[in-house]
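Chain lettering (A, B, C and D) follows the sequence in which the chains are written, and residue indices restart at 1 in each chain.
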């Protein structure tokens, strides 16, 4: 018997950010209940950020249902206020587009694994490719549910996520500079970290969104709500996502996985410490099913085992990660970059292998950009629509947005062991440490001879 | 060199519930940085509840720093408003008691393991005993930090948690019917689940708390704030902690660990599926260090491996747990309890081993109780203090509290596979399923012949 | 040209409690824009309570649009989930009932005047009768707008407010023990006072409300949300609405209006102090238009003038009111009531006219009551509906609600000048004041000889 | 008997924004209880803004106690973290400065009258001069309380408000670009309007504030919190304080007071419509006591009387004000300003006296400015302090702040009767109205011939 499209009665999930997530389609409920989607409960949304903001322990599951909910609200608004009546009016076609939009919203992040950024760096995985695979490969439960809608439905949903879908309104709901994805994660991360930077006026933004020929625009009267969102986003990047302590924990994670791989390749990860579920990745020969077995707990379980490994570096780095003992860091500039080799010498002289105990890491984000056809990946700019239909790009009317448009912001940091500045007492007055300290001032690298 | 007691400058942790956690003592900072305390980041506060309320993913770490913060605020209030001036005034001795209170608050839950309740049921561990061990055993980092204060300090902190400490004011801050522990978890669980039942007026309660000869009392003018707290607590138990879906997931966890133990004892958990870190518990021969290696991720990592185990039951139960496929349940009463054996026969006839696919589970809580000397564990009752020092027990002045005083509330439920009421379509009209359904009405077990 | 029923585009009012008030009907917009409705901006919702909770300065205007908004949301839910399909299904008839429900919600309080309770006590006005007049009298703008819908529409709306309208679903939306009126004022008063007692889970209650044959019921699964609402209501009465300081300010107001009336009747309110706009009420010969000229500012403007009146009592009482110098008060019981005459003697001996400087005032509320056919005004009880349609009255399933059902709560207080207990220093040791104090203990009247 | 400086026990006022206002000094309690301070309850903080945001009905009283509370928290932080130890350390002298800071904070706005901006425009009053008078004139209760501290105390407090006090730390707490005054009103106005633009992170800003030689600086680590505050302030001005509807209501108020003055001067405001309490201002011969008798209700009471005045213009304008019937408005630029005379001709042709029914009104604010010694009133710039004590001006490190530094933002608008664009139906097609409409596009004045 074919399942009906709509649930006999709406179901809700209680959500701290949106109050309730409303599920009205059987397909959405079935997707949430797949093994691949439930796995997202075991992967933290913000990875190492919970080491800086202890409340930030929420999973990718919560974010994904939140993106779905915002998308649902956008569809409701579009359907109520801008239903298409003629083929040429470029308004909203709810019957055709709602379900594909909702599924794409729910599934847009399903390919993520544990600590994706770092994991991908070490093992060469690609969460976007895997998202596509989960949607289109017949072996997954997700694909099976999507195929139940129609044979070409999995491909349609994948093309929305891949931004090649024909209707730009649907694509921009999920992927643009002000989409359901970004709006949910800003609100959710702000809620869970306890910071207030990410709190913008979602209801007002949803009210001023409207479909038009080339996608989604915003009524000009809502300019300040959109401006505020851009500033919130900017602030969250500066204050939360780029926090040096979180980045330092990612550096440790990167180095410890790197060390594990090195040891594996040299036959030194074995017996009880063999990370069974990681072997396909260490061997660079993994299947989709191998990938779907991974989660945050799998990594930390192996780290717990590696705490007893004979290799000093692996043992020490896993302890630093599990026990949250971050590296220290300092900002540097192109001018002071030349000082780094000498600092690494000092660090090596203090007994630390620089390859595993130092790092250079930059965090840059483009808070907003206008459309630039010469860019490799031109961004959909934010368009404001006047009462008479005229469009204006956001940064042309907001001096605040103009100030950060097209400028990447962030910093480049050098990471080093805390022991260099908080050594055991006796060492404190040794020349080595004293010299090291002369290079640091006001969280910046400085040339003491200058 | 001895570390000074106070930090040169207060440190803060951002917290979504209390805004900031203020750390002013070096000892507190050192305790937070121990390996044993950091491990609490990897253990969820509410265990299986996040399967019902997806936002409830916060760890025991966040709760423990929250209890510390509330205790710190109580100490501040007591010091400001009720400092002891004579030995007989029974007011607050900040110099002697603050640090022991803060440490006890921070560490009161440090012995918890993953899914404590269920784990203890299967493996006979005891988180209270382990808390004591972590505090007093010289092998732990926590003990080392506490000993730094004074040789008898670990024992003092442990005695606060064990409720044998001499000063009842300190004991009741951490353990009473309205203590820092309960106040933090209600607020935090309400915040993370997104329910509003647990939101009471913490600031007002802290304002009306005061020390007295026998512990802590509340000014009579704050009666309604205390009353509201009791109602919130009652509501959270009814609505969140006793939720049937969470209990069903705990039933599955219990049964799957039970099955794993059975298989281990019969030599059928081996090779890749050997749960190295669980072996000491399966062998019933574990050390404190074995225990400290456990966390939520360790369990789910083994469950992931067991998904490929040849045993049907283990394989199926781990999938149900990891993929969140709860059992269904129904309330029963002493009168309808006799119907259960027949229902189990029907379930067995449908192909499910009742030992692993059914359960009886009760959840009862005493929302509040007045002191009852005949009780095994008499509770410290909540005392209201009039302007002239007269004390009145809470339930004598609040009819609402009186209504739930001394009455345990909750329900007893029978759990069974969802398949019994949502079978595959063809089976739906088979007599077996039809008969089963006649026993269920309005979430209750009923006798269809009555 | 006839105006269309619906606005071409929804309008919104920003609201701190509901975020937005959504206006979709032209009639609603026109009603808000009437002179009679705009006048509600100049009348505080909580009267003298802002003397106790300084944030409670919101007007009846804000409450009225809030009641409208909640009613609108109830209609939306009913229309989506319970649309009537057959005449006998007793579900929701949106086309017939929505507009009458919305207008009744918006206008239910339109007859209120400044400090209604006290004003009515002195001048014999009746805000319910005036509400009816404003709706049905052809001279008002409100009536004109309502007549635009249909000739009998004003009468229909008035009958909803008067509880004689045929459809009990509409009546109960506006007037029952859990209606849009109560829900808005609890939330709004809690928001503005800054107390947390009134914060219940509106969204959840709206989700479980449903129409049925005899009005509105609540799904049994939402019992705890309804229970929490009853407790919130109980707490708000105890903590906010019955606050002794607010009641004391009302006592002063009552006495000062009483004095003004006395002086007017004796020809001593004249010249500059003549309260032109009050004269029709002092003469007991007022029209609807006279009433509609009154607001809070009119009263305080005359009080400001009366500060210079030659009458000592009028001058003093207006100053006490304008400068917020409340009377003190103490609880008494039937047993201690007999002590009052002697206290009044002491107060008179201290130089205060007891008629104007003392009062007895009780505040009692019935937090919830089950239907009692023998009562003068039997209340619609709260019904919970089980999955199979069975109804259960709330207090039969909630022990907390049962504890306060049918029991009026509140207290009876004796008010007297603050000077009796905080006299000028020299007087403090005079026997008069010393004796007075012996009658007061723990906020209660006590017999010092007992 | 002299009153002690400190209250025997702290008192609190419940506040929706700060939760509690803590009063610990007898002087503060006495000041709050003065007649002059209580009068602030009868003057709305935002004047005509409540016509746009109906929740914005809070009084100047609530704001003043809020500024006091923030100042108290700043003092607490300074005392705890930056107590002065040597005369030359330029840190915080709590014993000398706390009380003067608290009194200045509480009283900084005490000279405000009803709808100050407009009232001052018409009657030439000056709330700053009156504030000074209230503090220093022996006839006020406020002065009497302040003198109780010491004979020169009133003058000291006045000099803080007048910015001539010697200690720049105290002055900047109350008056600078990021002071207790601005911080309270942004938060309070955001809370009451229900907008979210004004919500910045007060706790974090208070944490990073610190005293230094030239006043108050902010730790560099808190830069983003300060930046966010500047953006919030900018947004509140754009979205709330400059809202065209509120400005339009102020225009009506201005014109109606203007008309009343005109009629008074021509002997046409008399008998029952004589505004007794306004006469001293109409005569331009008023005392401080005359001023202190004014409040919002006094004005609206006279407006109510004037509704029956024989003068058409006065009658119509008071109705428009009391019944909230705003003028419409449109933005214009220096280029389109020349079109205004012709529009006024059209308006006059439609029957409206342009002097009373049109206006040009600009609203400009400088969201932030760096110190400019050439300015008439150079502003104290916001200084960030690095770890080593180096100072950096805010806009040099924040591109967002730089974008709005020193640039006034706002707009210039032309106000005209709504009837010009929404005339009665028959008139709609008359050439007059049709022509008028051609000048309006996208909320801007345009030249239809261009």
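We adopt the following convention: a contact is a pair of C-beta atoms (placed from the backbone, for glycine too) under 8 Å apart; a residue touches a chain by one contact, two chains touch by 3 or more.
The UniProt protein names, listed by chain, are A, B, C, D = HD domain-containing protein.
This is a predicted model, so every value here is computed, not measured.
The minimum number of touch steps linking chain A to chain C comes to 1.
The most distant chain from chain D is B, comparing centres defined as mean Cα coordinates.
When the interfaces A-B and A-D are ranked by C-beta pairs in contact, the top one is A-B. Rounded to whole angstrom units, the spacing between the C-alpha centres of chain A and chain B is 32.
Computed from the mean C-alpha positions, the centre of chain A lies at a distance of 43 Å from the centre of chain D.
Shown for chain B are the residues in touch with two or more other chains, namely 19, 195.
Residues of chain C touching chain A in their complex: 9-10, 12, 19-20, 81, 203, 207.
Looking at the complex, you find that chain B touches chain C at residues 195-197, 199-201, 220, 224, 227-228, 231, 234-235, 238-239, 386-388, 390, 399-400, 402-404, 407, 409, 441-443.
Residues of chain D that touch chain C in their complex: 1, 13-17, 19, 33-35, 38-39, 41-42, 50, 53-55, 57-59, 61-62, 65, 191-195, 272, 276-277, 293, 295-301, 304-305, 319, 322-325, 425.
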